[in-house]
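Multiple structures are listed underneath, in structure tokens.
Across the two complexes that follow, chain A remains constant while its partner is chain B and subsequently chain C.
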Partner chain A sequence: MPVCAHPVPPWLLMGARFILGLVAAALLWEGAVIAFGIRPHILPRLSTILSAIAATPGAYWSGFLRTLLETLIGFAAGAIVGVLNGVMFFRAPVLRDLLFPIFVVSQTIPVIAFGALVVLWFGNTLLAKAVIAFYLTFFPVTVNTLLGLQSVDPRQTALLRSFGASGRQQMLRLQLPMALPQIFVALRLAASLSLVGAIVGEWFGDTTGLGVLLLQAMYNENVVGLWAAILCAAVLGTGFYALVAYAERRIVFWGAEQ
Partner chain B sequence: MQRRHLLTAAGAAAMFPAILPRRGARAQGTTKASLRLKWLPQTQFAGFYLAKARGYYEAEGIDLTINPGGPNLLTENLVATGADTFGLSGGTDSVFAAREKNLPIVCIGVSHQQTPFVFVSRADGPIRTIQDFKGKTITTWYTGANSVLLGMLAKAGLKPGDFTMQPQQVSVTPFVDGQIDVVTATRYNEFYTLMTRMGRDKLRTFAPEEQGIVFPRDTLIVSETTARQKPELVKGFLRASMKGWREALKDQKAGVDVVMAAAPTLNRDHQEFMLVEAGKLMTAGAAARDGLFWIDQATVKSAHDFFLEHGVIKAPLDLAAAYDRSFLEAIAVADRRA
Partner chain C sequence: MSRRALRGVLGIALLLILWEGVARGFALPSYTLPSVSEILLSVWRQRQLLASAAWFTMAEALAGYAIGCVAGIGIAVLLSLLPPVRRGMMPAMMAINSVPVAAWSPLLLLWLGVGIASKIAAVALAVGFTVFLSALAGLDRVDRRTIGLMRSFGAGPLSILWRLRLPTALPLIASGMRVSTVRSLIVAIVTEMLGAYGGLGWIIYQAVVQIDFVSVWSAILVASALSLAFFGLIGAIERRVVFWR
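Let's turn to the complex of A and B:
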């Protein structure tokens, strides 16, 4: 039997399916609005929304970049502080008992309550938004790092210790790598949360960002603009999530959870 | 692998300071200051944007940053704490409320000389006079407009139990769809949306002025510290702002352009309409004679007495301390008139 000489690589196949899915969804959207005569202020046609973005691409592009930057800074800071917290709590249970309840309390306060305060403290700066994104992300990373570290088999730790490994070596060679699958679960969650934080942060008086565009559209009853901003936020959120998931697949290649 | 990961993250953290806006004085002799608006960028604030774009603040030695407001911000708080130098705050209502709470702010000018909102019913509906509000459902903002409505209805002989008053949400759609009978609309925002969706001739308006209630809004405020220690800064800000506003009202295309540059996704037709309406509100009443931002003490006093009578403020306030027009008076009247 002759075999196809140039088999389609799997990534191309996946990409093609993904694009096909997008096109199908777009057609369904456009078609449904026309077919059911949905009023434009309930759901505008996709083509109307895309042409609204094309009309002022600069505003959407600079908004996208600004929100992306806030999201990334908040995410990075939240990830670093979260992992460090997890390690600290793992090493010093006293600190965990002392600080963990405070962390829990901090997380039960709705982030919107902090928004006005953050503006008072940091002004209309990029930092203010990054702080809110950070606030939403560090906690899940802390919890999952701690969980991951605690789930390491103590016999493995004992073995390493019997070889004379220092605490630092145990942490870097065994415990942290073993905790990585758990940490990445939190990072994927944090990827979405940091975007929420950045957008909410922009609702407290800023000049650029997807959150600003959302707010302007919302209060001007500009439904097309609202959808355009939602679409941009979706692209940003999905893209960032995909990036973190990709990193997870590469770094935690042994991980069971995908 | 883990170490490399951490290093990348640390690198990202080290980048932070580089992307933060640089603070500190740029040119010598200029003072850094900020103006916090009461809302998102729109032509309601065109004069400030134009004054900044044309360098009028710089000419007064002020390096001014314009910070937009939003639904969750109280300008009085931001100015009182020093987070912002100047503020265009809600109106006489929010200044009264802030002074009652002992926030150290002073009003240095009033932008909208008349009540900027009206109550709207359907022209072909059963509501023809204010008495017809009886038994109807009305939505309004619980930030001062509710008291104005209660006051208007009280003057018309209606008691609070005679009608249903509900907090108004972002959208006017419930009114357009006929779910409620009366909606509150600012002359420059919601009224435009109502006009475009229903047509001007389908709408009947009830203005507080018709009931003898004037409720000036869009107040310029500074902290008591700024007023005391930097009177020249305040005067310079007012001079530059007036210049920007006079030009924005005369050359409305320039006024709309400068706002559209700050917020390109806005609807230009709406912004043009808004600037016309804002101009009317700013030059009405005493402002026609005494100029932009004029503080008409009699009007402020009657708004104060009205709020006191309806229990919105509990005790009389020292109006002379709360409304200081000495900064306006330092500018020649010919330069103040639009």
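Let's turn to the complex of A and C:
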């Protein structure tokens, strides 16, 4: 008789451990607040925060979706433009030398100061918030794409060329795949940054979104509401990051990270 | 000057000329896009106000930066020396880090008030985590065989830390510190815009409310110049200290 006729699949085991860890953390939070008598002004009980979300789930859900959409659009645009920029800079070093310093300077601009201007230029729309998320995302992707492309062994490129591969074939079959691990390092960073961009972008006179919920709770000195929004932002950030990391493991299956 | 640097200067000059030309040629209103000369003139006119605001923001950013670096490196060293504590603490650290910095700012403002304490705390949090994660990655990078070799010569954990782990980790710590420079100023300004008694972020916020976008641009210009100077300074120190890189 086999010892284990139906082996537990590894993903189920991982999921179970994850949920167990989450429950332990929740109990720890709840217990610590009660045991140490932490005032709700500093840190409310987790159950209070969760019941605040449960009381008005609609507001949090629509805010969550709205911020998610802005984050995704900004991230996608930033990733595409970043990779294209990297390829362009790799192919045309003159352009790289001309434009790269400008990109560097652009990243020292506090994006929130830009927020008001972007809203002015694009109107108070979803697009304006996505533009801010894009602005934070495209630069790290550009840098890492360029680094990844530059690290390709020139002898491999020479070999491909000797077989008559065109520039595009070299790029698609050799150089971009070789740069993928580096690109994904930037994409993981970009996942976090695009969320920051979306949240900060919402601080300029929007009506829905997690950033709006944060700001409203702050002005009303509603600590429970503030924590509820922070919790939603954490779930969104972790979920998106995990998704990008999962895509990385599937796409860069040879795992050449660093 | 190298050809590369020359091209960089040329690129920025071309952008400025294009900007000036577009702003003047299309006679754009200054709330859409003021011309470069208009911004520079406004910086010069408001130089005293901007200088004192820049000093205010820089002081907050520097204080938070120092606290963040010391705390980040300190906690990373402590956790790398005590693996059991590390296993217990890491999930909590990652949970704190999974919340975007922008989401902590309103909470810090409620906790610590509108004064400079909330800005310093926000900067320290942002800088601390960046430095902490890069320091931990650097400390982990040490070759196990080299540790074994040192231990066989009778080196204790502290000696291994000082002579092997820290020098190996230093390049990564330094790059984390360099990246954090720009972030420290941005976080200070972001938190100032939510509420402050002074600083560049406060000027930007007031100018936005008054729809005075030339002032917004001139404050952005000053903030950007400050960030670049800070970045350059830390980069120069890094090249001096981490000479073996």
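We take it that the second predicted complex is superposed on the first by the 255 of 258 C-alpha atoms of A that agree within 3 Å, B and C clash if a C-alpha of one lies under 4 Å from a C-alpha of the other, contacts with A are read in each partner's own complex, and residues count from 1 in each chain.
The rule we apply is simple: a contact is a pair of C-beta atoms (placed from the backbone, for glycine too) under 8 Å apart; a residue touches a chain by one contact, two chains touch by 3 or more.
The structure presented is a predicted model; accordingly, all values stated were derived computationally and were not measured.
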{"item": "Chain B versus chain C as contact partner of A:112, first or second or both or neither", "value": "both"}
{"item": "First (chain B), second (chain C), both or neither touched by A:199", "value": "second"}
{"item": "First, second, both or neither for A:102, with chain B first and chain C second", "value": "second"}
{"item": "Touching partner for A:77 - first (chain B), second (chain C), both, neither", "value": "first"}
{"item": "Touched partner set for A:218, first chain B, second chain C, both or neither", "value": "both"}
{"item": "Which superposed partner A:125 touches (first chain B, second chain C, both, neither)", "value": "first"}
{"item": "Interface residues of chain A shared between complexes with chain B and chain C", "value": "112, 116, 120, 203, 215, 217-218, 221"}
{"item": "Interfacial residue positions of chain B with respect to chain A in the complex", "value": "1-3, 5-6, 9-10, 12-13, 16, 19-21, 34, 36-37, 39-41, 65, 67-74, 77-78, 81, 83, 170-173, 189, 193, 262-267, 270"}
{"item": "Complex contacts: residues of chain A adjacent to chain B", "value": "41, 52, 56, 58-60, 69, 72-73, 76-77, 79-80, 83, 112, 115-116, 119-120, 123-127, 172, 176-177, 180, 203-207, 212-213, 215-222, 225, 228, 251"}
{"item": "Footprint of chain C on chain A - complex, ascending", "value": "21, 25, 42, 94, 97-102, 105, 107-114, 116-117, 120-121, 192, 195-196, 199-200, 203, 210-211, 214-215, 217-218, 221, 223, 226-227, 229-230, 233-234, 237-238, 241"}
{"item": "Of chain C, residues touching chain A in the complex", "value": "3-4, 7-12, 14-15, 31-32, 91-92, 95, 98-104, 106-107, 109-111, 182, 185-186, 189-190, 193-194, 201, 204, 208, 213, 216, 219-220, 223-224, 227-228, 231"}
